[in-house]
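Take a look at the structures listed below.
Here subunit A shows up in two complexes: once beside subunit B, once beside subunit C.
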Partner chain A sequence: MKNKINIILPAAVILFCLFGFLLAAHNPKETNIMNKFMEPALQYPFGTDELGRCVFSRVLWGGWVTIGIVLAGSAIVAVFGSIIGLLLGQSSSVKNLVMDSLLNAVTAIPPIAYLIIFIGIWGNSIPTMLVALTASLILRMIKLVKTLTEVEMEKAYIMCAVSCGAGRARVLFVHILPNIIKGGIIHFLCLSCAEMIMAISGFSFIGLSLGDDVIDWGTMLASARNMIGMRPMLLFYPIFFIFLSTVSFNLLGKQLEKGETANA
Partner chain B sequence: MLEIKKLSVEGKNNKKLLKKIDFSVRPGEYIGLTGSSGAGKTTLIKAIMGILDYNCRIVNGSIMLDGTALTDLSAKERRELCGITMGFIPQNPMTAFDRHKKIGKLMEETYRIRLGIPRREADELAAETLRAVNLTDVSRVKASYPGQLSGGMLQRVTVAILWGLKPRYILADEPTSALDEKNRDILLELLKENPEKAGIVFLSHDAKALKMLCKQIMVMENGALVERQTVEELFRHPVNEWTKKFIISANMEEGGEWIWKELKYPM
Partner chain C sequence: MKKSTGIFIGKKTGELFLTLVIVTMISFVLMQFSPIDAATAYARRNAFAITPDTINSLREKMGLNDSLPVQYFNWVADSVHLDFGTSYVNGRDVFTEVTNAFGITASIVLISAVLQAIGILLVGCICYGMRRNWLGSVLNFICIAGISIPAFFFAGTFIDIFAVRFQWMSVAGNTGFMRYFPAALCLSIGGIAFFGQLLAGNINKGMTEDSAVYSRCRGLTEKRILLFHALPGAVYGLLPNFMQMLGLCMAGSMIVERIFSLPGLGYLIVDSVLFRDSPMIHATILYLAFSLVIFNILSDIIKRILQGGAVNSEVKG
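Now for the complex of A and B:
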């Protein structure tokens, strides 16, 4: 039971960060210069920023954008990474040498390189960020799944399944996939979600943003930085949410893996 | 009839694992296979099943099943034979199961897919075969993950799965290694009963089990068949050095003195 709470709690925090914008009372882009730099009050729970915009609403909308990208990206990575990795992992050793070198070469390119190239081509936007993050992560995922599959293929239970007449598809998707999902993929995905949050926020903080009028935690930090002496709390809220969601993903990954080992 | 003709298998770095193995099994026939560890017994069985490790390969010889060469079949055709025509009982039951699948679900799926019977029937068949191997607490076994059962229980489950598939040839790789006396006898009785008249290759180090089950016994050493005799002959006049030792120790266990004197084997 305790184990369940450990999983539900971080999941709930992540869901709140994702869908919290539904609770936002104000339009996050609506400026009201008369109300600038207001202290936290009932109407503005986190106060207002230099243009009189509701910080609480902005943080929640920023969560929708950031966590949305992260979850969409990791879903793509999970599905395509697993399938390609599984298929590569079970094929013969000669092909693997070629694929291995290729994967090693391409994974050596850091995510920021993808991002800069893609922004250069398509300009700042949410899809650009999504593609850049997915492109860099999916290769790591393929590599992980491929290695795990190779390890799993050697195990005796696969041989036994084959000796009972299990086909290739059944071996891969019924036996190997559930085993490696619980034995590494889930953990990797949760950790890379946390990493993606940091990447998105970090990149938009340094100006490689998601677009001109997109709200996210990184841009909030960037503009709050100018007022650090006057209103340090403006910096605190987005940082707190980045922290909260990152920790939640990390805990979720750890707990899911832990629950797994307790079961088996 | 399952015929193995001059079968040679090579492993990593062209190491010869099997050298020109020749034997055949008829339906209803029991053939015991024994020999020191690392002699190639398991490799032989894996080669016949078509589940050799990826770095091993058949370099010569053929495996004939009722006149068809198995080595010429496509992977898919070969797979169709697995389980239904040729069944395999693995050596180590602890690693033989997918640890994230409950036993009941595993058996039900195996029967449903391999025998093409509806879910309900497959479930009943699973319960029936589990009872046949003396796993009487069927509902508990079915609801367990492999990690929650003991080695002996899992070993019986492996036999139960195969029993339901009713293969025409059974290749058993030490099926009694993790069992106590009582359950070993139950398993041997089951194999002896053999209602489908399956041809059985029984690999074991257990002299009593070999005696009980098999008429013919083959001894392997360094990847070659070095001895092949009837049980009585083998236990009376062993030729090979390893066989002599094996029989002496087996007789010591049973308290038999006579063969010890007759052999005069220096210990």
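Now for the complex of A and C:
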């Protein structure tokens, strides 16, 4: 039971960060210079920033953008990465050797470096970030799934399944896939999500923002730092949400891994 | 043994070149599909009158009219002679610029590596020592927090506190060791938090293994088993991953560099991005990829030595 709470709680926090913008009372872009630097009050739960915008609404909308990018990217990676990885993992032939060395070469570069390359050349925007994220993670994902599949293929239950007349597709998607989802894919995705949240906010913090009119936590932090003398608490809200979401992803990954080893 | 070493070296060299070729190709292909034309950007920046004629002659001069493979092979042929061209922004030699920047990033990462090594040993041992204590849970939570708070926030706060509030150092323009130390410190916090926990876990595993039980039967004290048997085993087990982590730091330092205004690789790449300075971007990416692969290869070499030496036959990668 305690285990369940440890999984449900982080998941709920992530969902809140993602869909919290539905609770936002104000338009996050609406400026009202008369109300600038207001202290937290009922109308503005986190107060207002230097242009009189509602910080609470901005933080929630920032979550929609950041977590939305991360989760959309992970979903694409999860689907295509596992299919390609499974197909590569079960074929053993000469082309496997070529694929192996290619994959090794490509995954030698960490995802953040790919992000730098993509952003470096295309400039930063939401579509670029999504493409870069997907491209950089999917290679790692393919490698991971491929290795896990190769390990699973050797196990006895596959031989049993094949001797019962299971076809190739059935072996891959009905027998192997559920095992490797619990055995590593989810853990990998959760940890990469945490890393990506920090990378995205990091890039917008140093000025490679996601776009001129996009609200996200990194940009909020950067502008709050300029106002640190006026109202230091402005710095706290976005960093708290970054912290909350990355901790949730890290804990979720850890718990799911733990639960798996406990069951095994 | 000797023959397999030869194969190992050959394989790793092949991997190095393959990676470099693939990464540079990626950067060329992406550049081709870039929404902003490099020649137009160059003309805008230098306040030329933008007519189709000037753009065309610029494209000719910059070699953008050649097909992509031709451009790529020209670039490769030049870069083999360490000639990466000149910057579109300030006309300086790209090779010297990037090499200087590389030196700065490498110093940050090296200082950070020392800090991380010390920090990981300390945090790992304390975590292990307090694992049954409530302090241990607090420490565990701090570690998770350390992984979850981005390095750029540490960097920003560091400047706000030590440079702005107390004025113990200047915001930029420190010299010598202090120039790199703050950046290295902020960079290492995440690594310490991550590997400290792993080390504590590994020590715990080592202390419950059969070999530890036998050592206890031999009458060795717990302290001796911990320091001379479990700890070295745990450290060896983490070394390959630690090396890969350092490679990651080369890329990860970019944001921290930017905040501390250190003209390292990251700073260079962000600047060249903002100015669409493609020779600079290609060269920086090449250097970055090179250093990453070198760290990966180091990690593989350590793994191989450990496995070959049978120091600990159950070292996991």
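Operating definition for what follows: the second predicted complex is superposed on the first by the 245 of 264 C-alpha atoms of A that agree within 3 Å, B and C clash if a C-alpha of one lies under 4 Å from a C-alpha of the other, contacts with A are read in each partner's own complex, and residues count from 1 in each chain.
Following the convention adopted for this analysis, contacts are C-beta pairs under 8 Å (C-beta built on N, C-alpha and C of every residue); 3 or more make two chains touch, one makes a residue touch a chain.
From a predicted model like this one, the values you see are computed outputs, not experimental measurements.
Participant: Applying the document's definition of touch, where does A:175 land relative to subunit B and subunit C: first, second, both, or neither?
Facilitator: first
Participant: Does the superposition put A:43 against subunit B (first), subunit C (second), both, or neither?
Facilitator: After superposing on A, A:43 lies clear of both subunit B and subunit C.
Participant: Using the touch definition from the top, say if A:226 reaches subunit B (first), subunit C (second), both or neither.
Facilitator: So A:226 meets neither subunit B nor subunit C here.
Participant: Identify the partner contact of A:27: answer first if only subunit B is touched, second if only subunit C is, both if each is, neither if none is.
Facilitator: A:27: touches no partner chain.
Participant: Per the contact definition in the header, classify A:165: touching subunit B only (first), subunit C only (second), both, or neither.
Facilitator: The answer is first: A:165 touches subunit B but not subunit C.
Participant: Between subunit B (first) and subunit C (second), which, if any, makes contact with A:194: first, second, both or neither?
Facilitator: second
Participant: Does the superposition put A:206 against subunit B (first), subunit C (second), both, or neither?
Facilitator: second
Participant: Now for A:157: first (subunit B), second (subunit C), both, or neither, which partner does it touch?
Facilitator: A:157: touches subunit B, not subunit C.
Participant: Check whether subunit B or subunit C contacts more residues of subunit A in the superposed model.
Facilitator: The partner that reaches more residues of subunit A in the superposed model: C.
Participant: Can you check the complex and tell me which residues of subunit A touch subunit C?
Facilitator: Touch residues, subunit A against subunit C: 101-102, 104-106, 108-110, 112-113, 116-123, 194, 198, 201-203, 205-208, 221, 225, 228, 239, 242-243, 246-247, 250-251.
Participant: Which residues of subunit A touch subunit B once you look at their complex with the stated criterion?
Facilitator: Per the stated touch rule, the residues are 92-93, 154-157, 159-167, 170, 174-175, 178-179, 182, 263-264.
Participant: Per the contact definition, I'd like the list of subunit C residues that touch subunit A in the complex.
Facilitator: Result: residues 14-15, 18-19, 22-23, 26-27, 30-31, 33-36, 144-145, 147-153, 156, 160, 164, 247-248, 251-252, 254-255, 258-259, 266, 269-270, 272-273, 281, 284-285, 288-289, 292-293, 296 of subunit C touch subunit A.
Participant: Flag every residue of subunit B that touches subunit A in the complex, lowest number first.
Facilitator: Checking each residue of subunit B against subunit A gives 46, 49, 51, 53-54, 76, 79-84, 87-88, 90, 92, 95-101, 109-110, 113-114, 145, 147, 158, 161-162, 165.
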